[in-house]
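Both complexes shown next keep chain A, but they swap its partner, so chain B is in the first and chain C is in the second.
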Partner chain A sequence: MTVFIIRRLLQSVLVVAVMTLLVFAGVYAIGNPVEILISQDATEAERAAAIARLGLDKSLPEQYLAFLGNLVKGDLGTSFVFGEPALQLVLQRFPATMELAICAMMMSIFIGVPLGLYAGLRPESIAGRTIMTGSIFGFSLPNFWQGLMLIMLFAVILQWLPAGGRGVRGEFLGIESSFFSWDGISHLILPAINLALFKTSLVIRLTRASVRETINLDYVKFARAKGLRPRRVIGLHVLKNIMIPLVTIIGLEFGSVIAFAVVTETVFAWPGMGKLIIDSIFQLDRPVIVAYLIVIVCLFITINLVVDILYAILDPRVRLADQKA
Partner chain B sequence: MLKTLSTASFAVAMVIGATAYAEDITIAVASEVTAMDPHYHNTGNNNQIVGLIYDRMLHQDSNQQLGPGLAVEWGPIADDVWEFKLREGVTFHDGSALTAEDIVFSYERVPNVPNSPSSFATYTAGIAEITVVDDYTLQFKTNGPYPLLPIDLSTIQIVSSENPDATTEDYNAGPASVGTGPYKFVSYTPGESIILEANADYWGGAPEFDTVTYRPISSDAARVAALLAGDVDVISGVPTSDIATLEGNPDIVLSQGVSNRVIYLHVDSRRVYSPYITDNDGNQMFNPLQDVNVRKAISMAIDRDTIVEEVMEGIAIPAGQVLPEGFFGVSENIEVPEYDPEGARELLAEAGYPDGFRLTIHGPNDRYINDEQIAQAIAQMLTRVGIQTEVETMPRSVYFGRASGDDEGSEFSLMLVGWGSGTGEASSPLRALLHTRDDDSGLGRTNRGRYSSAPFDATLQLALNTVDDDMRQALLARATEIAMREVGLIPTHFQVNTWGSRVGLRYMPRTDEYTRPTNVVIE
Partner chain C sequence: MTLLSIENLKTHFFTKAGVVKSVDGVSFDLDRGEILGIVGESGSGKSVTGFSIMGLVDAPGRIAEGSIRFDGQNLVDLPEPQMRDLRGRRIAMIFQDPMMTLNPVLRVDTQMIEALRAHGRWSDDDARQRCRDVLGQVGIPSPEERLKSYPHQFSGGMRQRVAIAIALLHQPDLIIADEPTTALDVTIQAQILFEIQKLVAENNTAMIWVTHDLAVVAGLANRVAVMYAGRIVEMGTTDEVVNRPAHPYTAGLIGSAPSRNARGTRLTQIRGMAPLPMNLPTGCAFQPRCDHATGACAVSPDASTLEGDHLVRCHHPLVGAFDRGTAA
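After this line comes the complex of A and B, so read on.
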């Protein structure tokens, strides 16, 4: 297992290196951030000075090598726009995005798995069909529009919940989070639902399909024949076996919820990383874009690693060290 | 000029307004600030907020007219020396008194802010030397006659010299954010909120609201929804497509005012070959835009009223020059060019292009109100007079770099751009957009079409060296007339901004597009 983890980490370094190269070349090709940042009244000399200060007067390879040199020292550069360390800016907004992602994933698991289970066990029932039809909506509604509809319904018409922003954080055991205050939670509900709807539908469909497949397998039939109670057959034999594809998908989706909450964060003015990255892309703030992507790549690598380890725990047939990953 | 139209039912506003008394106000704006350091980044988003915490020597009012700020009297005592008398008895939020030292310190800090993406040094460059005569009198020596000094000084916030080594981080965190302005700094949470509280001891009188919260909401639809939900009290940048619906809503008040921003076309008028112009068969041809008559024909082919009525849904003003009427240096002799497709065709034929030519118009799609649709409308209008025009729009991060191009010129031939006059008078657009490009003096830096005219340059130069206000105003108007006659650029319309507020409040529009609690009146 140790060998497996070490090999994984080495691969990750390679992935990060390739990713930074692509982002560097990509942002370089788009244009010059100074054109966007600098005041329209600035003189040519000031413009040249700004370009030199940001190191943009050097050639692309020189800029990239300088970046790598700093990266080895743990310095991801300073934001062109905010003038603060890029990594610090990204990490500052990390908790807000995590809150949203955790909340959305919890919703999709605790709503999606039971509903999917029910639809899988009773596929012909009215409730089962309704669940499946409903999940089509979850899939097909555009995230942006769906968010606005949530706001219109719950914030504008019913006035139950705030339309956006992050609420006052509560403190519990020294941790500051929206989860610990009512105001914080009330701000969290709508964006989390918006983010969770698609994932919930995915989990429902996946659970249902796995249940339908498992329920007819010999060991389930045997367990039934043995006279085990249905609760035990489903709770132990079925559920444990369908967990393997579910864990993979939930793991990957958790990563994507964090990385691509951009639309939800924009609609709900949620001050997370997604909003930072989209603003940074508009302003060509390369250090922030690179720092953000490095954080996200590391996150995906960690999640994949955790998923692989969970596999081994859930399915004794999987042995990590044997995998040529 | 200030046009305010009440759009909510007046009767409803009266009834509810009588009972509503707001102590706190929440304002949603489209963009985040990048720092609370008032000298860090020269952008409207930052200036509108830091300008509440700090004062300037001179203040620009809602129409960008200069008035007293920390200085109560000012004027030239020689062609290149100005004297400023400071207001006495002004204190910073920490209780210390404002003196000439703070002024000098602020101007000296401006060019030396580390990592500043867009420095205010442009506005201190005209100052050669500052002499402190006494605690409340200062003399500024300028590099030659420099009539723009008062305007330049009206852009720079005065900070306290008690924090000589304060960094941008110190301002963001709060300890250094100490000004003399109507509101005090409370907190700044990046991407989330900026909270200010009233400065009861403000020299201009205690402000109307106890607490002001700014929230950045970049999505237009979400900003409108936040206002409808009652989460925020005032929003900026109401999208034109939502105006009709909001006008019918009795809980919302809209207010509109013309901005200092002209939307115009830069025309590639110098190069022999222009990159996006071909003849009707797609072959390279000599650049027809060098001919003033062709440029004039393009201007005549544009139906400005239709752009305003259809594309902008009535929320804009047709333009014939670079600033709307009422601003300093605007010419009264310039009419908005009349829509005349027949005349345009005749001019093209006279110029030797009876069958027109092919052209691509470029524009941004995320910078100005309805920018992409405007470019499309113009393209259709030009095609109608025989210039087959294609449209290409792109995000601003790509667009402006390419539009500015390099020393050879722009990458485009005809481009849609906008210019907001930060100084509130005509020299800003004339200097940047129309003067012959000259890297040493910085004149013509944004002259993307490379229009170059000796009579225009001479008139503008004269204006820039004339300290007498009336004389300078006449010269600026004269320079504008020359450039418009030679079609150095083609203005289409002045942008009108729309603010929304909950009933009981009304926003008094500003031409500089800022959204400030000091412009909110309680009804």
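After this line comes the complex of A and C, so read on.
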């Protein structure tokens, strides 16, 4: 177990190193941030001073080495645009995105698993077919369009919910979050639904497929042959087995929800990391881009680790020690 | 005393491609303490017969006709809660593939105790004690430790013993054993057969032993039923069926079993393939593969009785024609 985690962490360091190298080269190839950051009518001297201040007067390898040196000290550089530490900028936005992602993921689990279970147990029923047809819509309608339609319907026509922004946060046990105030929740609902729709469809289809596959297996029939009630056969024998693929996929999807949040955050003016990264890319604000990606990579690594551990808990046949990291 | 009486059972699968008549008019009686062997090729409807008795036929299949009387009750139209009460408690089933019967993600104790608690209140201590006792009975060493294991920590033979133990938990009146030893190697098979025979005799349990191996049945069953394409084509005492088979198909099965032949003689073989239940030939289903077939076989034969209870479904039964050892 410990060996497993250490091996994972070493791999992560490697991933971060490769990723930062790519981002440095990538941003360099796209263009020179100086052109965007410094006004057209600045003097030559002002220009040179600005370039020196941003550290852009050095060669790319030199810049990269300097970055690595600071990285070891925990310093990810200062934003070209805001003049604030890049990591701090990203982390400030981190809770907003996590709120959205957790809320969306919860929705897709608590809606998707029961619906998928139903559709898997009664595939021929009208409700079962309706669920599957519905999930195709969730899959195929473009995310941004779904978002706009949600705004049209619930914010503009019905005026039930606000169209965008994050609202006032509440405080509970010293934690500040949208979950703890009605205004916060009302701002959270639409973007969370928007983000959840695709994932819900995915969870429905995955659950249904796993149920269809499991339900015909001998051990389920044997459980019934013991005289168990359907609730126990489904709730324990089937569910515990389909949890194995579900946890894996949901875990991995959680990472992609955070990445997908970019579109939703833009549509709903949600002040999260996604919006920050879009703005930063437009302005070639390299330190922020790098900081964002490092945070995301760390997040993915943590999620994968948690998934692997859960996997080993759920499936007694898996042992972490034997697993190739 | 008759425990189970099946009358003209028809279990059909109504698939999109057509009706699969997996069981098509099966009738037999079973007394308490009696062991009936059901023999037949793959696809002849043995498992479906067993599942019909358990009330566990999967959609799109259902019992289309007939009755299954168990201790006076007709199981065919018994409401599900009552059927569930019988399952595991009075009728138990052991499945074909021991590797697939136990749930891989649940510990053995979970799977045994839930079977006990499906039919009444059991304290933790009593339940564990009962599980240990039964595991001991089926020959599992150090039951206490084994209870805490997961199925993958057991060998195939051990898993099948656990499945048998689960079937024995409530001392049922009837056990349906669906080829429980086919997947195991010969020595384990012999051990398990021996133990089951002992336990069944002790408890006066009736048993249906499904297999495609006549040799296994010969040493175990009181009576044998031979199934072909969803019907019983021959049934009688084990001695009658094995030593004086009347149906050409039974004779063919015996002729093709290595253990039944004198050394050095060639094994006979039933020509052709078992028919698909989707398109059975009209008349006798065995006719296309039969050496004795005549024009009369175009009409489906009724069951006729030879001496005693020896029943055969054939227009040209091989009365006395088959003498074992020389026929090959």
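Some points to look at:
Assume the second predicted complex is superposed on the first by the 325 of 325 C-alpha atoms of A that agree within 3 Å, B and C clash if a C-alpha of one lies under 4 Å from a C-alpha of the other, contacts with A are read in each partner's own complex, and residues count from 1 in each chain.
Just so it is clear, a residue touches a chain if its C-beta (ideal position, glycine included) is under 8 Å from a C-beta of that chain, and two chains touch if they have at least 3 such contacts.
A quick note: this is a predicted structure, and the numbers were derived from the prediction, not measured.
Model built by superposing both complexes on chain A: chain B and chain C fit together without a clash.
By the touch criterion defined above, A:267 reaches chain B but does not reach chain C. Once chain A of one complex is fitted onto chain A of the other, the partner contacts of A:167 are absent, as it touches neither chain B nor chain C.
Contacts of A:244 after superposition: chain C is touched, whereas chain B is not reached.
Looking at the shared chain after the overlay, A:134 reaches neither chain B nor chain C.
When the two complexes are overlaid, the chain among chain B and chain C that reaches more residues of chain A is B. When the shared chain is aligned, chain B comes close enough to touch A:82, but chain C does not.
After overlaying the two complexes on the shared chain, residue contacts for A:114 are found with neither chain B nor chain C.
By the document's definition of touching, of the two partners only chain C reaches A:232; chain B does not. Following the chain A superposition, chain B and chain C show a smallest Cα-Cα distance of 48 angstrom. When the two complexes are laid over each other on chain A, chain A has no residue in contact with both chain B and chain C. Within the complex formed with chain A, the residues of chain B that make contact are 28, 32, 34-35, 40-43, 114-123, 125, 168-169, 189-193, 215-219, 221-222, 225-226, 228-231, 366, 395-398, 400-402, 404, 419-420, 422-423, 428, 432, 439-442, 445-446. Residues 51, 54, 56, 58, 84-89, 92-93, 95-97, 100-107, 111, 114-115, 118-119, 150, 152, 163, 166 of chain C touch chain A in their complex. Put simply, chain A touches chain C in their complex at residues 216-229, 232, 236-237, 240-241, 244, 314-317. Residues of chain A touching chain B in their complex: 30-47, 50, 53, 78, 80-84, 89, 92-93, 147-148, 151-152, 155-156, 159, 162-166, 266-269, 271-272, 275-276, 279, 281-284.
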